[in-house]
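One chain, chain A, links the two complexes that follow: it is found with chain B in the first and with chain C in the second.
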Partner chain A sequence: MDANNNMTINHAEKKRGSWRSSPLLWLIPLIAVLAFVFVYPIFQIVRLSFTDANLIDADFDYTINSYIRLFTLPGFYQMLSTTSFFVFFSVVFQLICGFFISLLIVQGEKFKIKGTVIVRTAVLVAWAVPGVIIGIIWNTMYNETDSGIFNYILSFIGMGPQPFLSDPLLSLLSVTIANIWRGTAFSMILIYAGLQTLPSDVIEAARIDGANAIQRLTRVILPILSPILLINLIIISIDTFNTFDMVMALTGGGPGRSTEVISLSIYNSIFNKFNMGEGTATAVVLLFINVMMTMVYLKVLGRKDK
Partner chain B sequence: MNKYIWAAIICSLLLMITGCGGGDSGGEEIELTWSTTSGYSPEAPTQAASEHIAGKVREFEEAYPNVELVTEIQNSNIDEAMARILEQADSGRAPDLAAIDSYLLDRYKDYLQPLDDLMKEKGMEEEDFFPFAQDVMKGEDGKIYGLYMGTDTRVMYYNTEVIDSPPETWDELIETANDIQAEGYEGIILPGGRGEGASVTTLWPLFWGQGGELVDEEGNPTFGEGENREKMLEVLETMQQAVEEGALPQRMSSYGAEGDLNEEIAGGNAAMFLGGSFQESFLKETLGDDFENWDIAPLPQMEGGEPASTSGGWTWGIFTEDQEKQKAAFDLITDTFITGEAMDALDQLPALSTLYESEDYDGTEFTEKFRESLETEANVRPSATSYRVITVEMQTALSDVIAGNKTPEEALDDAWEVANSN
Partner chain C sequence: MPLKKTNIMIKGSLYFSYTVILICFLFPLFWVVSLSLKNRQEIFAAPPRLIPKEIAFSNYAHVLQNTSVVQYLFNSGKIVIATVLLTLAIAIPAAFALSRLTFRWKREFLLIILMTQMISAVVVSVPLYRFFSQVGVLNNFYVLVIVYAAVVLPFSTWFLKGYLDTIPNDLDEAAIIDGCNRWQTLRKVIFPVSVPGVASVTILIAVQSWSQFVVPFILLDDSRLYPVSVGIVNLQSTQTSVTTHYLAAGSVLSILPVIILFVLLQRYIISALTSGAVKG
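Presenting the complex of A and B:
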């Protein structure tokens, strides 16, 4: 009788133990939260993208017209090329500027130059300021009247007022520069953290082996930093693709559609034209681009990491 | 013992039921739900408006002690708020009374109650309202379904020290703009970017002035076909010509709202601009003594075009079928919002023409001219659901033309292709 009891207790304990050792129990809250705030909204967006829903009528039908319209009507390919220009130059220059600023700060700290903390703080401020405010600040600087700061400076060298926000190409360039300024800080923080962890003995060894500064940078520092650079690249790419607030405040997508990036187009479709079907179809395209880019980055750069 | 307890409970319940259902209906407690914008509520942003509305609401509550007023503040996104009320009305959950954007009133008329009898009781006549307001308020059956309160109109503001006689056509306007630039002023400034201001102030008045129609009777877009296309094309070509001749600065392609011009006006370099009646107070506040040099004139038109402007504003609609509530609601809106005192406090133009003679309406320097504009030139945007796409696409087209990004033909064709495919 006792033996039987012991066996039953052992069996129950084993069962309880297997539950305890399983990570599933701990993951349930996380899965529930993710399903609620991530999976369900994505499902709803994909579902709505196959409808003709709008913000005025409650009724809608299922259709693929939103996608057909999106790919065939004027504006879609311009939006894609505008977004590509904006994302490519923003990401490249945020990465380059962030890298060099952090390198300068590290070198400055090494040589105990005063003011490195001020530089670090000043760059960080750009990251802390909300996008809408950045849009307004840059709008003031790009102002095309006499009160515009850049045009005022340019007037001293006889370059006259430049249409920073009303020329189709110049406005896209202006928005991209503002975004580079905004995003450089984030890259700087990540790369600065990475540079702090560089093993000094490896760099010292390279120096003893006769590697010059450029060789040390390209053959030693960059390979060690590559995991951080990869994460940085993924984050700022997705972030730039999703940029909405700053562009909205700076140009509103204009003139015409010259600065209408994908996320702004989603906003315009849903909240200005009330076209939920088209807006969500554009959102699905944006989601697809983000996922594809992340996979490409992981495949190409992640392989090197291994 | 239990029997006595049960008897007491049943008696109390009966008393409660009879108490609730009985009594004189006049003294019965009723709940009146009014859905309003924050600007037309005791929480209005200006002190004058807020004090006026709060005071009138207090008076209403004293006059109707049996009415509990439930205030619902609408979403600040007007279109979203309007869509919600329509959805509520469609499912029988509409508020008893609601503020409705005037140009959208048509969409609600199937759910609203006629106000003719209530107007008669108050001594209000349909003809007392401006013609454009009557068109908005009246349903297909000839009955009145909404009460227009405040409105606005679009005009040309100009500095009389710089411009002797205001231009009447766009050809004259381009010439005048070039002349004043020689004196160091800006040419003509107007909203020409992506925003509703560009549609209502710059595009539609020129298009309507030529007799153009944005939509047909079914609400389908018509602006890009037949004669309408020619008229719209002429509007865009005129804008292109104004930019090419240096009369219209390219940067106007990034100004979507009338308010976007304010910075330039305050800078003192503007001698004329196209704007809304609501900018008068800004002009007065900003220019100080120089304001007395400013005047207004009708919007310049195309050669041979008729005077035309765009008016907006808000209406009130009553959804409840309960007659007692209807009467209370009607009293609330007429006493609070459709008086001269209210229009002064809200800094708006009355849509009720008789209010202009009212002793309690002070108005402003330009009130008489605004009144003339409302009487003779005012048009209201179509309430068709296709309007949103039309306006967004045409704002983009205008902005593209002023920025030199597209030719008028390309811009119009692209806008038409999108609007017509919806």
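Presenting the complex of A and C:
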């Protein structure tokens, strides 16, 4: 249909003898900005990772020492597993929470009960709050002294004071929970959009055929939603791999390096340890993760188009 | 069970789950507001109090007078407005071409735009920092805005292209027959009918740019230019002068603009996000 319409326009243009349409003029500003901010830096970071350059000087020699050093550092694998934990649990629970909240909102809308708009807005506000502010707020809630609110709440169920931010393992869990709070809104809105497009007659038919609520959910709704869930999964995985601001403000990567996720590690190597080689090599690892996940994403999108 | 009774049960359990969700999502915001209104003793009170005994509005006065939060807010506003304008100026023509013209490599071009969206801002900011410091444009407002715009351009272009695709081609045809060229068609015919789409994407750009942290954190080292996201982290790290209640007051001030925008425009934001989402 698109091609048809374009043909008629081209036809009309030819009839009037107007200029032939070249897309270049329209796209040049976009191409220029993206080339400057993405293509050039990507090329540069890959190049820098194979050098002994530092942050300021223009001179350097080529070497692969940064990679050799990086891949033999035990800290590197520790950082990767920290990142994997953070990404895996963030993504899984954002998806689950987002799914159930959107389902509850759609149910509420069906029964025309009040409050759906308030719930929707409340969840979305979490998404709009800047990551650093989220980090600061959760940092105050995780306060480990007697004036900390989470420890106060836990004291009612006899779980005593917890070292939320000073215990290496628990701090990673604390950061992940804060991130789930932050990211659930995005999954909710995507799944909510998907639920709007669900054909209600199909669900009605399943109901008439005697499927109960759980069967309708697992056999009808989930399969129809699965492309959207998959796309959602990939987008939030990439986003979570790139998380920097919230963790920076919440723990700064500590205690030790126990919550140092990959983008924080890049920043710390370059700007705090002044180790350009280690930092840029880690950046290339993150770039590789970004590209791999994008490939999967494009593959899924291509399948959805067909 | 009679239908009426099940309905009441369903409604009851929905209200119950809504309450739980609301508490989970609003409590952190409530907590920071509460902290921002406590005085020094109550900050350290054990057990903590949900609502301060004495409401200390003076914390806000202190933050406004003794820190640069007002400056940060002003900087953020300036950056966000410039970013929105620059992004729209670039994305609208590009989206028009991607929606209306047929050319080779169009699909590939669209996919490359999508790919840039996935690249971590930390990864690109490091070489940019190095480059900017070599040519001496670190702390340059205009250069900073270009980087801000680049971060939001991929999704803005995709979003606007998707929106323009929903506007029937008949309009273009009529305009061309009336003697408009492509540029006039966009300006006089297509742009006026795509105002809702442009408004939606404007909100999304504004929210994203207000939250942007990595880019200014790495590319700015002059604290007079800091947007509020970097400014607040700066306040947090200088903890000798700023204690928790002041930090909380600063945080509340910095999210207030977004929250007000959100509550006022939530209907449009939802439709902006859902229409963007369905397009993928």
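Here is the rule we go by: the second predicted complex is superposed on the first by the 252 of 306 C-alpha atoms of A that agree within 3 Å, B and C clash if a C-alpha of one lies under 4 Å from a C-alpha of the other, contacts with A are read in each partner's own complex, and residues count from 1 in each chain.
Please note the rule applied: contacts are C-beta pairs under 8 Å (C-beta built on N, C-alpha and C of every residue); 3 or more make two chains touch, one makes a residue touch a chain.
Note that the structure is a prediction, hence the values are computed from the model and not measured.
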Could you tell me if A:115 is touching chain B, chain C, both of them or neither one (first, second, both, neither)? second
Applying the touch criterion given at the start, work out whether A:55 contacts chain B, chain C, both or neither, answering first, second, both or neither. both
Taking the superposition as given, does A:229 touch the first partner, chain B, the second, chain C, both, or neither? neither
Is A:167 touching anything from chain B or chain C once the two structures are fitted on A? First, second, both or neither. first
Between chain B (first) and chain C (second), which does A:268 come into contact with in this model arrangement: first, second, both, or neither? first
Give one of first, second, both or neither to describe whether A:40 is in contact with chain B, with chain C, with both, or with none. second
In the superposed arrangement, does A:256 touch chain B (first), chain C (second), both or neither? first
Is the number of chain A residues in contact higher for chain B or for chain C? C
Identify the partner contact of A:241: answer first if only chain B is touched, second if only chain C is, both if each is, neither if none is. second
Please work out whether A:145 is in contact with chain B alone, chain C alone, both, or neither, and reply first, second, both or neither. both
Indicate the residue numbers of chain A shared between its chain B interface and its chain C interface, in ascending order. 55-56, 58, 145-147, 271
Looking at the complex, which residues from chain B come into contact with chain A? 77, 79-80, 83, 86-87, 90, 193-195, 249-254, 256, 263-264, 267, 269, 385, 388-389, 392, 396-397, 399-400, 402-406, 411, 414, 417-418, 421-422
Chain C residues touching chain A - in the complex, by the definition given at the top: 7, 10-11, 14-15, 17-18, 21-22, 24-26, 28-29, 31-32, 35, 43-48, 89-91, 93-94, 96-98, 100-103, 106, 109, 111, 113-116, 118-131, 133-134, 146-147, 149-151, 153-154, 157, 169, 172-173, 176-177, 179, 181-182, 207, 210-211, 213-214, 217-218, 228-230, 232-233, 236, 244, 247-248, 251, 254-255, 258-259, 262-263, 266, 269-270, 273-275, 277-278, 280
Residue positions on chain A within touch of chain C in the complex are 3, 5-6, 8-9, 12-13, 16, 18-19, 21-23, 26-27, 29-30, 33-34, 36-38, 40-42, 44-45, 48, 55-56, 58, 101, 104, 107-108, 111, 113, 115-126, 128-134, 136-138, 140-141, 145-149, 152, 155, 181, 189-190, 192-194, 196-197, 228, 231, 238, 241-242, 244-245, 248-249, 263, 266-267, 270-271, 279-280, 283, 286-287, 290-291, 293-294, 297-298, 301, 304
Complex contact set, residues of chain A against chain B: 54-58, 69, 73-75, 144-147, 163, 165-168, 171, 251-258, 268, 271-275
